[in-house]
Each structure stands twice: as structure tokens, then as C-alpha cells.
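Same chain, two partners: subunit A is paired with subunit B first, then with subunit C.
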Partner chain A sequence: MISVKNLSHIYSNNDKLAINDISFEITKGETFGFLGPSGAGKSTTQGILTGLLKLQKGDVQVAGYDMNKVDNKRFNKIGVSFEQSNVYSKLTAKENLEFYSKLFDVPTRDPEELIKLVGLEGKENDRAGSFSKGMKHRLTFARSMINNPELWFLDEPTTGLDPTIAATIKNIINEQKAKGVTTFLTTHNMYIADELCDRVAFIIDGHIKLIDTPKNLKMQYGKKLVDIEYVDGNEVKKETLKLIDDKDKKRMYEIINNYTIQTMHSKEATLEEIFIQVTGRGLI
Partner chain B sequence: MKLFSSYIKEMKIAARGFYFYIEIIFAVILLVILLVAVKEESISKDAEYLYNDIPSEVMTYLIEKDINEGKARIVEPTEFEMKPVTFEITNQETGEVTLYEFEEEKIITVETVERLDPETGKLTRTAYITDNEEDMIRLSYLEGQIGATTTMSADGEFSYKYYLQGYETERLVDLLYILHNESGEVLTTAMDSQVVRTIGTEQLLNNRENLLPMFIVFTGSLMGFFIVMAYIFLDKGEGVIKAFAVTPSAVWKYLISKIGVIMTTTLISSLVITIPVMGTSINYLLFLVFLIVTTFASSSLGLLVASFFDDMVKAFGIMYGFMIALMIPAFSFYIPSFDPVWLRFFPTYPMLQGYKEILLSNGDTGYVLIYSLVFLVGGLVLFALANLKFKKTLTL
Partner chain C sequence: MIKKMFIIFGRDFLSSRRDALAIYIIVVPLILAVVIALFAPGLNDTTVNIAMLESDNALHIEYIEQYAKVEVFKNIEEVERRVNKRDEMAGIIPLGDGYEIILQGNEAELIEMYAVMLNSFYDLRLTKEETTATMISFGRTVPPLKAKLTNMLISMTIMLSGMLIAISIVEEKNDDTINAVNVTPISQMGFIIGKSLLGSSVAMISIIGAIFITGFYNVNWVMIVVIGFCSMILSLVIGFLQGINSEDFMEAAAGVKMLMLPIAGSIAGYELLSDKWQWTMYWSPFYWAYKANDLILAQTADWPTILLCTGLVVLSSAIVFILFLPRIRKGLS
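Up next is the complex of A and B:
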């Protein structure tokens, strides 16, 4: 569905490459997570894949179209949700979706149904200008589904939403996935990524560090982690140790022998911890 | 269908914002100014240029008589610097056109008489009396004021020839005769031997009608230029252009729907001003054609300018510059002697002239049609450029 080879991008007012020679493929029906800290180049990549940013260098194929010679008609099967919500504040939620649906040549979904789906029931006839940030974000998200896209771009779909609503959004994405929709998902949220994505890419400073399934990553990195809390003098200290690492093993014996243990849990590494291990950086 | 629903959406948004109302309210204010503050007829010309082709004794006698009656006083002669100029004069009675060409600059000193109101002693008008007819005609043209030649026949009858700018109304012309003659008897005589000439090829528009072209250009083209930019910046602020860019709909449809809104407001506001002033006396079809093409061209220009900037604040300087530049031709329109050639390259120049031709009962339809074509082509070019630029700059 998407094939990217040696893609680089630079903004005219910025002398550093925003994207630096990245390559990846996304197959039909796959949910692909693009994970990385702020400024990593996630939105820039989505911008190029959707054609909002001009392709400067590299080979990019999206939904059967070469991004060097694009055709607007491809958007009949593509849906895009933006990082920054962008709806007409002077139009009501329903008018926003109704108007948008008329721009497509394919059958579109019922605006009211979509509004309900994202939990904005009862707000159909309120102007988007009166919405909170999260509500606008949900409306933008709902809009991206209006043309029943086969290929779906989601830039931070859950950022800034409270956990219940984030869970709703997650379920919607899951439903779409069950219908065979291919999704390019950009996020900071590793839990969402972990649950939704077939594969994830770690991107940092414009480079892709690795691409794998969450499951493989967990097997490979820090399968056996131990969280250990102990008392040292008056202080309670906490350490996370890898059971496969000799140095960490020694450290564990040391702690057990010298201090009073308060708690000790073995666990699987989260995607976030793996990200930190791989890139040496946090996600925020 | 996409285009139409875009247009409907834009109209909804416009109707819920304030720019739409600004334009209409502005038009209503201008209309009120026209109807209340601008008198249809006016004799407020405060200067006149005279050449007296009569024996000097008679002249001296007449002036002294006026002075004694408290109707005039002689003041210091005035010096005029007359620039080279070329113009035409049409004889209203015969239709004969005379071309005047003055190639040299000339400095003259002319006798100056102030006309007073005999009751209050207040200055009403200043008369400049030249010693030859050519100087009088040239001054009258350059200063944009009334000129007159007085001649006396062998049997002592006066006759007058008036040189008008073309915008004085007939009633004003009648009043002039009264000003120049003391008794009704003389007036009739004068009327009989009257030849009124109009400087330039211009027909008569009254003061109110004469202001109309400027007001229409103002509420139509200039406001259109400004407001289309405002709409684009509103959308840029909300990021909705990006949402539009990921639909199968073409960017030009988005742009055209913006112009459609401007066109709608301009039609309303221009007709609000024009209908009450002109009634049914003009060719509205021609008017609408010209209005539509000029609005198309100026809002396309607005789109193009807007495509270079992210927000109103950044665009403000250049926008202001454009607005001022586009307003300059209005000066020439009302000051006949200020008409440098470079001014004709300002698009508002032919706009003003075009509206004037439309308002005139026997205006030059050919001129209007030719410029309609020019504006249409120019507008299409600007629109195409704006479209290209917008396609390129839909950045994240």
C-alpha cells in the first residue's frame, strides 16, 4: 500500500534535514505505527505521504500512485486526520462533515453517525468554534473516515484526549482494522501503538532506528525485567534490572544481600522502555 | 456540484462572520453620504477664468460699477504657471471638436477680481481675467474650473461662451448666466446668443453621479481585494485549506468559491449604491459585466498576494501598499489636470473610466467592452498564478 525508499526532506527555513534517508513498506491491511519523540519527523513523513508536502528526494508510492505524479482522485480512497485539528469554526459539527462529504466522488458515511461514533452526540448542531480542543480533535478524526478510506493516515489521534475517549478512538481504529483498512499511525503513545500496531517504526532525528512487530521487540529487548524497591538508610530506592544481563544480575544479588527489599516484580518491558533502550531517548 | 457546495459553505461562513456585513454596511454609508451630503447640483466652484473681448473702456466701466455697488474688488494680479497640455473641446451645439495643443510651458500674470456678496461683503468667487482667449481656455482646463469669453457686438449686445469641465449640470449652467448678468433682460439676450462649450469630450454627470465610479471601485474592487485576503487568512489560521487539499476536489474550486462570495457581496454592495442614484437610466447588463470582470481580477490579485503570506499581519505592509497604489487614479479622475501617462497603467484607472462610460447616457460602450476583456484575461492570469502558488504552499 505504501512504499518509501530513501526519503529525505528539508524545510526551506531550516538547515537540518527533517527526514534523513528513511525507507519502509506498509502492506495492505496493516496498521503501521510511527513512533518517536517530538520533532522526530513523524508529521513531516505523513505530510509527504499525503502529498501536502512536496516530495523532494526519494521514491514514494502511495495507494498505487507515484508521489511524483499525483492525482487528486486518489483521495477518494484516502482519509487523513491531522495533528492539529482543522475544522471550520463557523460551521456546526454536522455542517463541517456534510460539506466535506460533498467533496468526494465515492459514497460517504452519514455525518450524524460519525459524530455519535466519536462521542460528540448532542453536539451536531453546535458550531465547531465552541468546541474544546479535544472535541475539535475528535471531529477532525471523524471527518477522516467520511469517505470509507482504504488507506488511513492518523497523526496523533489520541493526543490530548482523556483515557476513556482515547479508548473509544482506539476501538474505532480496531474496527477499521478488522474491515481491512491500512493505517499509518503516528503517535507518542506507546500503549496505543502496542495494542493497535502490527508493526512499529522507531524514528528519531529523522532516522528510522528499527522496524519490527511489538511482539518481536518485546521478545528481543528486556524480556525479563525486574522492578525492585529497597530501603537504603531512610530512603526507598527503585531500580529496574534485566535478568539476562550479567552486570544487572550481580547488582540484584548485591541489593538482596545488603538491603531490605520492599517489593520485587518481574515484568515484560513496555514499548516505551524498549524505545529508550534502543534510542537512548525518551518519547516526550 | 463540489463547486456549488463549496460556494454555499463559503456563503454560510461569510454570513456568520463580520467581513460580509462590513462591506454591505460600508456601501450603505457611502450611499447615505451620496444622498445626504452630496448635492446633485452645486455652484461651489470658487474660481472662474474670463476673457473679455470688449473695449477696455466698457470693461473698466463694468468693473467699476460692480466695485461701487460692493459686488467686487480688485486684488493683486495672480501668477500662473501653465504646463504643456493637449486636450479637446466639444461644442455642445454643433458637436464640432477642436483640438488644443500647448507644447511650451508658459507663465502668465492675470488681473484678479474678487466677487463679493453685496449684502454681507463676503467673497463668493474669484475671477481671473486673461488678456487672450487661448490662455483662458488653457487655464480653465488645467485648473478644472469654469471659463468664459465675453464678447460685445457692434450694437452693444453681450454674448457669452462658456467652457465647462463636463460635469456641471444644466441648471448650474443656467445659474452661471445669472451670476454674470445683473438683470433678467440681459439674461434673455445672453441666453439667445449663448454657446456653451465643454472642455474634454466628457458628457454631463451631476456631482453625485460623478462620485459613483469611485465609490463602486472602492466597495467593489478594493474591498474585494482586501476581503478575499482576509478570508484566506482566516482559513489559513484554521488550517482548513489542508483538509481541503486531501480531498479529490481541486484547489481552484476552493479559490473560485472564495471569489464567488466576494462577487456576491460586491454585487449587493454596488447595486445598493448604484440603483438609488442612477435608477433605471443605465445599462445594467453592461454594468454587471464590468462589475463581474473587475471584481474577478481584483480578488484574483488578492488571492495571489495572500498566497505569499501566512497571516494578515505579515501581509499587511504589502496589502496596504497595493490599496494606496490602487487608489491613486481616483485623484486624476477628479483633478483633470493631473493625468500623467504612467497612471493609466494602474488597473483602477480604466475601472473608474469604465464605470463613468457606463453611467453616461451616451458613454463609450466599446471602451467598456475592451477593458472587460482586458480584466477578464488579466484576472484569469492572476487566478492561474494564485492557483499554482496555492497548490505549492499547502505545507504542514
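Up next is the complex of A and C:
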């Protein structure tokens, strides 16, 4: 569905490469997670794949279209939800979706049904300008589904939403997945990524560090982690150590020998911890 | 694609109905037209009144009646009394071999000229077919002040339509919705044209409405539409550029208002400069648009002149448009 080869991108007002020689493939029906800290280049990648940013260097095929050629027809197959919500403030929720649906050449979904789906029932006829940030974000998300896309780009679909609504969004993504929709999911939320994604890519400073299934990553990096809480002076400190790493093992002896241990248990690594291990950086 | 352009248009219209500034821009030209109509009363009354003698040659009276409103009187005293009444009226009475024109003294030059001309035409026995062209250009049947005001209103309307476009572009920018439209099947050119429709149609309706309200029913409407449409193009380009370069509505409106300068300059140049210096205004499309409208409103326009003016307006608009198209495209992506 998506094939990216040696893609690089640089913004004209920035001398650092925002994307530096990345390659990956996404197969039909797959949910592909794009994970990385702020400024890693996630939105830039989505921008290129959706054609909003001009392809500068590399080979990119999206839904059977070569991104070097402009063909607006391809958008009939594609849905895009943006990181920053973007709906017309002067139009009501329903008017926003109605307007948008008319721009497509394919059958579209019922605006009211979509509004209901994202939990905005009763707000159909309110102007989007009066919506909270989270509500606008949900409307943007709902809009991305209006043309029954085969390929779906989601840039931070759950950011800024409360956990219940985030769960609703997650369920919607799962339903779409069951229908065979291919999803390119950009997120900071490792739990969502873990649950939804068939494969994830870790991206940092414009490079992809690895691509694998969450399951493989956990097999490889998981299990052998130990959380230790110990008392140092008046403070309780916490460290997470890898049992396979010699340096970490030495550190564990050190702690056991020198401090009072409060708790200590081994656990499965979360995707977030794996990310930190692999990239040496947090996700924020 | 045409259908989608109208969808964009429909949305713009919906938005502008909810925007005070946009509504203001739409209604202001019509209000001003009403003001012009009210403050220049009777100026539409283009008929020239002629008082004649009952005893005059019946053929003569009949001839004059074709071109003026004739009232007949029994004797010269009655004709003189009638002419001396307050309204504009000229008397034509036989005197020896020829005729005498009686005027009150404060009649417009126009009336005098008209009466004289009319009478000479009769002397020459010119038929209507032969004379129409000369008669109109001499007769300037249209009151100049009202035509000038209406023409200025048209120029202003064209500028306002640019402002309307700028406002709707700024709306898209503020809401960041251009990106959303850019991931739908509508092409960028389709979007640009769709976005122009509101400004264009409002301008067209306002121009036609203004001319109608001020009472110039007899103008050549085709010419009005042609020149109106073409002079709008420039305003559209400027509206787009201003919209793209502005952060909020006020900034966009203020930017488009800068157009006032060349517009006012062109009007002043056309009206005040002597023929020898008219060429100094030739660069300005507003000059050509104003000139064309001036001729159309005075009903002295002919197609070659109008097409020349239109061509020059389109040419300068096209130059600006082509020069800035990359900027517009970039700003909308």
C-alpha cells in the first residue's frame, strides 16, 4: 500500500534534514505505527505521504500512485486526520462534514452518524468555533473517515483527549482495521501503539532506528527487566535495569550491597521502555 | 470539477453570511447606489422639453416630437411664459425664413445645444437612421454627475469584491483548512476558481444592482458585464495575494483598501488631466475600466473602444496574475 525508499526532506528555513534517508513498506490492511519524540519527523513523513509536502528526494508510492506525479483522484481512497485540528469555525459540525463529503467522487458516510461515532452527539448543529480543542480534534478525526478510505493517515489521533474518549477513538481504529483499512498511525501514545499496531517504526532525528512488531520487540527486550526501588539517605530512588546487560548487572549488585531495597520485581518492558533502550531517548 | 467549484462557492457564501464584515461588503455598494439615486433626483429625466407654436408646420412638430417632448401653444407669449417656468424647457418658434430658439437663460448648455441641433437636423431633413449617432453624442442625454458617481461606485465595488476574497482566504488560513481541502480530489486550480466565485458574483450583482438602482436602465448591459467581469480579475488576484499575506481579517481588508490609491488616482487622472496628459494614466487598468464604464454610462460607447479598454484591463490583470501565480499556489498549499 505504501512503499518508501530513501526518502529525505529538508525545510527551506531549516538547514537540518527533517527526514534523513528513511525506507519502509506498509502492506495492505496493516496498521503501521510511527513512533518518535517531538521533532523526530513524523508529521513531515505523513505530509509527504499525503502529498501536502512536495517530495524532494526518494521514491514514494502511495495506494498505487507515484508521489512524483500529481493526481488528485487518489484522495478518493485516502483519509487524513491532522495533528492540528482544522475545521471551519463558522460552520456547524454537520455543515463541516457535509461540505467535505461533497468534494469526493466516491460514496461517503452519513455526517450525523460520524458525529455520533466520535461522541459529539447533540453537537451537530453547533458551530465548530464554539468547540473545545478536544472536540475539534474529534471532528477532524471523524472527517477523515467520510470517504470510507482504504488508506488512513492518523497524526496523533488521541493526543489531548481524555482517556475515555481516547479509548473510543482506539475502538474506532480497531473497527476500521477489521474492515481491512490500512492505517499509518503517528503517535506518542505507546499503549495505543502497542494495542493497535501490527508493526511499529521508531523514528528519531529523521532516522528510522528499527521496524518490528510490538510482540517481537517485547520478546527481544522484555522479560529481563528489573525495577528496583531503594532508599538512598532520605530519598526513595527507582531504577530499571536490564538483566542481560553487564553494566546493569554490576549496578544491581552495587544497589543491593549498598542500599536498603524497598521493592524489586522483574517485568515485561513496555514499548516506551523499549523505545528508550533502543534510542537512548524518551518519547517526549 | 465545475460542480466542486460551486461547492466551494456555496461554503464561502455560508461562511460570509455569518461574517459581519462580509455582509457589510456585500450590502454597502447597494446602499450607496440608493444614496446616489436619492441625492440626484430627476437626473434620469433625460427627455428634453420643447415648446412650439400650434401654427407651426405640422411636419416640423412631428419631426421634433421624435426626439423630444413637445408641448404646443397658441402664441409666442404663451411659449415664452412656459419657457420661463422653472424647469428645463426650450422654445422653438418660426422667425422669418428660419427659426428662433427661446431659452430662459439658466438652462443647461446641453438643452440649448440639443434644441439647436435638433432644429438644424430638421432643416437638413435628416432621418432618424442617419442622425442617431450624432444626436446622442451631441445630446449627452445622461446627466454627468450621476454617471460619474455611479462609475466610482463600480470601481469601489470591484475593490470590495477583492476584499471579500481576501477575507475568505484568511478564514481558510486561520482555521488551517486549506490542508484538509488539499487532501480531497479537488484540484488546486479548481479550488482557486471556486474561491473566486463569491467575490465575482457579488461584484457582478452589485454592479448590475447599482446601475439599476441609480436608474441607468438603457445602458448596454452586455458591455457592462464584459468590462465588469474583466476588471474584476485584477481585484481577484489582489484579493488572493492579500489573503495569503495577511494574518487576520482586518489586515486583509486594510491591504485591499490600498487599492483605493491607484483607483482614485486613475479616476482623478481621467477626469482632471487634459487630453495631452491622459497617456500618463495608461498604465493603470483602473483607468481603462473607469473610462469604459464612463462611455457605457454616457451611452456613447462603441464596441471597438470597449474591447480595447477590456483588452488592456485583462492584459494588465493577466500580467499580475501570471507574475504572482506561484505565490498564490504556494500560499494555498
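Simple rule for what comes next: the second predicted complex is superposed on the first by the 265 of 284 C-alpha atoms of A that agree within 3 Å, B and C clash if a C-alpha of one lies under 4 Å from a C-alpha of the other, contacts with A are read in each partner's own complex, and residues count from 1 in each chain.
As a working rule, a contact is a pair of C-beta atoms (placed from the backbone, for glycine too) under 8 Å apart; a residue touches a chain by one contact, two chains touch by 3 or more.
Bear in mind that the values here come from a model prediction, so they are computed numbers and not experimental data.
Peer 1: Taking subunit A as the common reference for superposition, should the pair subunit B and subunit C be classed as clashing or as fitting?
Peer 2: clash
Peer 1: If you stack the two complexes on chain A, which partner ends up touching A:72: first (subunit B), second (subunit C), both, or neither?
Peer 2: Both partners, subunit B and subunit C.
Peer 1: Once chain A of both complexes is superposed, is A:255 in touch with subunit B (first), subunit C (second), both, or neither?
Peer 2: A:255: touches no partner chain.
Peer 1: Is A:88 touching anything from subunit B or subunit C once the two structures are fitted on A? First, second, both or neither.
Peer 2: both
Peer 1: Which of the two partners, first being subunit B and second being subunit C, lies in contact with A:190: first, second, both, or neither?
Peer 2: Neither: A:190 stays clear of subunit B and subunit C.
Peer 1: Looking at subunit A, which partner touches more of its residues: subunit C or subunit B?
Peer 2: Result: the larger residue contact count on subunit A belongs to B.
Peer 1: Please work out whether A:104 is in contact with subunit B alone, subunit C alone, both, or neither, and reply first, second, both or neither.
Peer 2: Both subunit B and subunit C are touched by A:104.
Peer 1: Classify the contacts of A:271 with the two partner chains as first (subunit B alone), second (subunit C alone), both, or neither.
Peer 2: neither
Peer 1: Check the residue A:44 against both partner chains and state whether it touches subunit B (first), subunit C (second), both, or neither.
Peer 2: first
Peer 1: Does the superposition put A:52 against subunit B (first), subunit C (second), both, or neither?
Peer 2: A:52 contacts both subunit B and subunit C.
Peer 1: Looking at 8-16, 44-52 or 116-124, which bit of subunit B clashes with subunit C?
Peer 2: 8-16
Peer 1: Would you tell me the residues on subunit A in contact with subunit B in one complex that are also in contact with subunit C in the other?
Peer 2: The answer is residues 50-52, 72-73, 75-76, 78, 80, 82, 84, 86-91, 95, 99-100, 102-105, 140, 143 of subunit A.
Peer 1: Taking the touch rule as given, give the residues of subunit C at its contact with subunit A in the complex, in rising order.
Peer 2: Those residues of subunit C that touch subunit A are 4, 7, 10-11, 14-15, 18-19, 171, 174-177, 179-187, 333.
Peer 1: For a test of understanding, state which residues of subunit A touch subunit B in their complex under the given definition.
Peer 2: 43-44, 46-47, 50-54, 72-76, 78, 80, 82, 84-91, 95, 99-100, 102-105, 127, 140, 143
Peer 1: Where on subunit B does subunit A make contact in their complex?
Peer 2: Listed in rising order, the residues of subunit B that touch subunit A are 1-2, 5-6, 9, 12-13, 16-17, 238-240, 242-250, 392, 394-396.
Peer 1: Can you list the subunit A residues touching subunit C in their complex?
Peer 2: 50-52, 72-73, 75-76, 78, 80, 82, 84, 86-91, 95, 99-100, 102-105, 140, 143
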